[in-house]
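What follows is a single structure, and I will ask about it in a moment.
Should a chain be cited, it is by its letter among A, B, C and D, assigned in written order, with residues numbered from 1 in that chain.
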Amino acid sequence: MGAIWDRLASSQVIDLAQPLHRGMPVSPNHPAFQLALMRRHGDMVRPDGGSAANEIIVTGGHVGTHIDALAHVSQDGLLHGGVKPDSIQSNLGFSELGIETVEPIVCRGVILDIAALHGVDALEGGYEVSVEDLEKSAGRQRVEVMVGDAVLIRTGWSRHWNNPNAFIGTDTGTPGPGEAAARWLSEHRVRLTGAETIAFELIPPAQGHAVLPAHRILLVEAGIHIIEVMDLSRLAASDVSEFIFVATPLKLVGATGSPIRPIALIDA
Amino acid sequence: MGAIWDRLASSQVIDLAQPLHRGMPVSPNHPAFQLALMRRHGDMVRPDGGSAANEIIVTGGHVGTHIDALAHVSQDGLLHGGVKPDSIQSNLGFSELGIETVEPIVCRGVILDIAALHGVDALEGGYEVSVEDLEKSAGRQRVEVMVGDAVLIRTGWSRHWNNPNAFIGTDTGTPGPGEAAARWLSEHRVRLTGAETIAFELIPPAQGHAVLPAHRILLVEAGIHIIEVMDLSRLAASDVSEFIFVATPLKLVGATGSPIRPIALIDA
Amino acid sequence: MGAIWDRLASSQVIDLAQPLHRGMPVSPNHPAFQLALMRRHGDMVRPDGGSAANEIIVTGGHVGTHIDALAHVSQDGLLHGGVKPDSIQSNLGFSELGIETVEPIVCRGVILDIAALHGVDALEGGYEVSVEDLEKSAGRQRVEVMVGDAVLIRTGWSRHWNNPNAFIGTDTGTPGPGEAAARWLSEHRVRLTGAETIAFELIPPAQGHAVLPAHRILLVEAGIHIIEVMDLSRLAASDVSEFIFVATPLKLVGATGSPIRPIALIDA
Amino acid sequence: MGAIWDRLASSQVIDLAQPLHRGMPVSPNHPAFQLALMRRHGDMVRPDGGSAANEIIVTGGHVGTHIDALAHVSQDGLLHGGVKPDSIQSNLGFSELGIETVEPIVCRGVILDIAALHGVDALEGGYEVSVEDLEKSAGRQRVEVMVGDAVLIRTGWSRHWNNPNAFIGTDTGTPGPGEAAARWLSEHRVRLTGAETIAFELIPPAQGHAVLPAHRILLVEAGIHIIEVMDLSRLAASDVSEFIFVATPLKLVGATGSPIRPIALIDA
């Protein structure tokens, strides 16, 4: 194990997750994040002077930085692979295509920095990331998207994280890949793709999530997982375009998604 | 990135987490795990025929496979580093020593298989893992515990996972490191240590968690994180003693612990 | 308002609810009750020296003393009135027959004390409350069951409240009205009926809730609400057989039940 | 029981609660209300063709129409009666002054309709209900506030219920009793007082809940419970000024408040 370990030991770990706290941006379709200490130190002291604190957490599979299971989205009454939802959804969640069926992810990662391509801190709400954007940024960064990659698309939107209304973008919309860009990712047979916004997609101003074509193309048609609410600012600042990508979804049996804390490993 | 990636690409990923589902074993000190689908496919169909499902989750920082933050345990009124809990615990959780301060973990991992050392599927409840056990199993497996390692101690207890009463071990107790073994780990200055039981510690039959000396020594005195409720059966079956260990705690701001899905990367 | 008020003012209010706390008996079909203080006094002190504490609660519509909505149970694919569940159940709960459609209940109440009839503190698990029991206890107490009444059936089971395993009665079963007694209540066109156990019904030892005929007869066929987990000990001790019964279900939109705190008003 | 029952039987029950549903107005200090069906009909069908649906609920003691326990607010480090919070607050909630110590409430009720006094549908945000308002409305309605009453103060604010931003009134403030009116209620030794807004108090525009003098005077100094988020529109429309008031707080052990569904009983 020596050689690989020496390399990993000298690699730098870059955190790609947003913090989870009460009041953070959450889509109104999902439960607001709650965390409260149940026990605090001093509440119950053991005979030997020890004391423990703990918490209760209310959350959802699509709250904070998270990954979508294939059970999440259906189109015209069918999930990925033509599975009918009614045959697999119940009080136990989904008996197929749930997030617990997703193996831990360790693969090559590529970031395509569309904000940097356009020389802006963050793209505007409603901006459609196009195929040209994807290809030009790959060219600019001298990186190639390959089969099985994790492709992270930076719009700079994570800068709005501390302003929940701006981050959710009800009025402004959010920037993201349109139908053509989603098709491009699908044709490149990537393993997964991720972005910083709450819905990954291009959302036009003031229209809400009326249609979600990228979810249809990626999750339903191609079986490609989507990661949302990433913080790509540190990775972008590292000036690295390819890296080892690691994400380990919680084994939430039957769930349609899971909070994760993905990381990028880069040469230090 | 070529060389390291080639090696990683050919490595095998071993999952070290238990699944999370309603009815799974949870300590009565922590909230029972709950997951319910909020929306199912068909509840709300968008104009284009798309539909999404999602869930609500109730859990705790110490539910399922999880890692303890240093905020979790205090001794004689002090946390690790002599911090007074009242100065940092509030409705916002802990302003220091919370789980969000734990960087993603990528380090060398070592498994010490005490069950295999004794030639049993699982050690008995109440069995104390001794320093001799740790050293003999390291010798038997020809592996050395080094500074900064993740040291996983296998008792075989995860075989009781599907029987919550047996797993929690209220009557039988659970096997685990005693005070001396915890001291040994501390003196080896490991980065973290993990086990399969709900409390890591040796719990004598029918005594409950009256005292938790390993938590005191590791968390409070040494600042060494503890992982509980691991499933080490697949790793043990792989016959590998050292590996790359990866665990990425969720950034639950102010929390005393986090569910995780740790993995071991081994040469395929 | 004078006359009625003078009478009410001199009436005695008898509490018919069990307390709600972590660790209390809850059916495994329902979420365990959780309550944790979010803010404690001192966490956030306002400029004027004021401070507030509050809590987060996780519960269910059938946790603690509660009332069943007609949406709760179906038989052969149909709810009360022949309504098909799929047409009214969604992410919004039930669009018909939900607990919010139940008006506040103020009606005549009658207690039938079957435990007293048999001269025991509590009937045995698995004991079937028969039509003869209902009629004999009414005769013994010189009270008549009339159309529109709230009929409370005392088995003495609430004495097991502080022992969750005994209260749930997995091994012993629980006493309760059998099919014939449920039919009798239905024929008397009562407004609702209540009992002390977790499922109202006769549950035979070690058989679980395999079939629930009283729920079918009362909820589905007759549209009669059922209250479970009452504490009838104080009412029984008052030696009163008829009273004013008041229960006000929370307006949980679309829910299948609600926690309540029912009361009996009796002449002081 | 005949006479009183005949009167009650002919009385009209007026519901004073708002409905509870996802997305309803909740103060950001409290957990957002969540309700999701866990089981739907058809998920698990028993051998006899029966099926049940149920839900999981996340809420708080101060969510929806609710009543404040005396444990809710402290002033200068002391609760009502000079109790020090640290001696009674823990992981178990409050060992004194919790909502479970509040007996079911059956008392004379009086509504003072300040909106009607001023001839408006609803008073403006930031409007201070004065002592003169209370006295003039009592005079106009020919009703007297007496010791032990439940005094409900109508501002018309419940008309904003379906517009959460307007109801919470972050920008506009909310109308309510000022310090003098709270003192007046306290001097009249009422049993409790209630209103339609989320905080009962006069909240000036854009200032948030910086200080809450009515809570201090009523809860801390006088031990008078406060009910918030009532819907007084139906009661106001009934043109009745005095009534029998009934409210039964859930016995949430150690909690600082409870959701309730209060009612008014009036002559039909």
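One rule holds for everything that comes next: a residue touches a chain if its C-beta (ideal position, glycine included) is under 8 Å from a C-beta of that chain, and two chains touch if they have at least 3 such contacts.
Note that this is a predicted model, so its numbers are computed, not measured.
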**Request:** Report back the single chain whose CA centre is most distant from the CA centre of subunit A.
**Result:** C
**Request:** Same or different, please, for the subunit A to subunit D contact, judged on whether over half of the interface numbers appear on both copies.
**Result:** same
**Request:** Please report how many Å separate the Cα centroid of subunit A from that of subunit D, as a whole number.
**Result:** 41
**Request:** Mind checking the centre-to-centre distance between subunit C and subunit D? Centres are C-alpha means, answer in whole Å.
**Result:** 24
**Item:** subunit A and subunit C, separation of their C-alpha mean positions in angstrom
**Value:** 45
**Asked** So which bits of subunit C are touching at least two other chains?
**Response** 31, 34, 36-40, 55-56, 58, 91-92
**Item:** Residues of subunit D defined as touching subunit C within the complex
**Value:** 1, 3-5, 7-9, 11, 13, 15, 17-22, 29-31, 35-42, 46-62, 64, 71-77, 79, 85-86, 89, 91-94, 100, 103-104, 106, 108, 209-213, 215-216, 242-244, 246-257, 259-263, 265, 267
**Message:** Which stretch or stretches of subunit D touch subunit B in the complex?
**Reply:** 34, 36-38, 40, 55-56, 58
**Request:** Would you tell me which residues of subunit A are touching subunit D in their complex?
**Result:** 23, 28, 31-32, 34, 38-40, 43-44, 58, 90-92
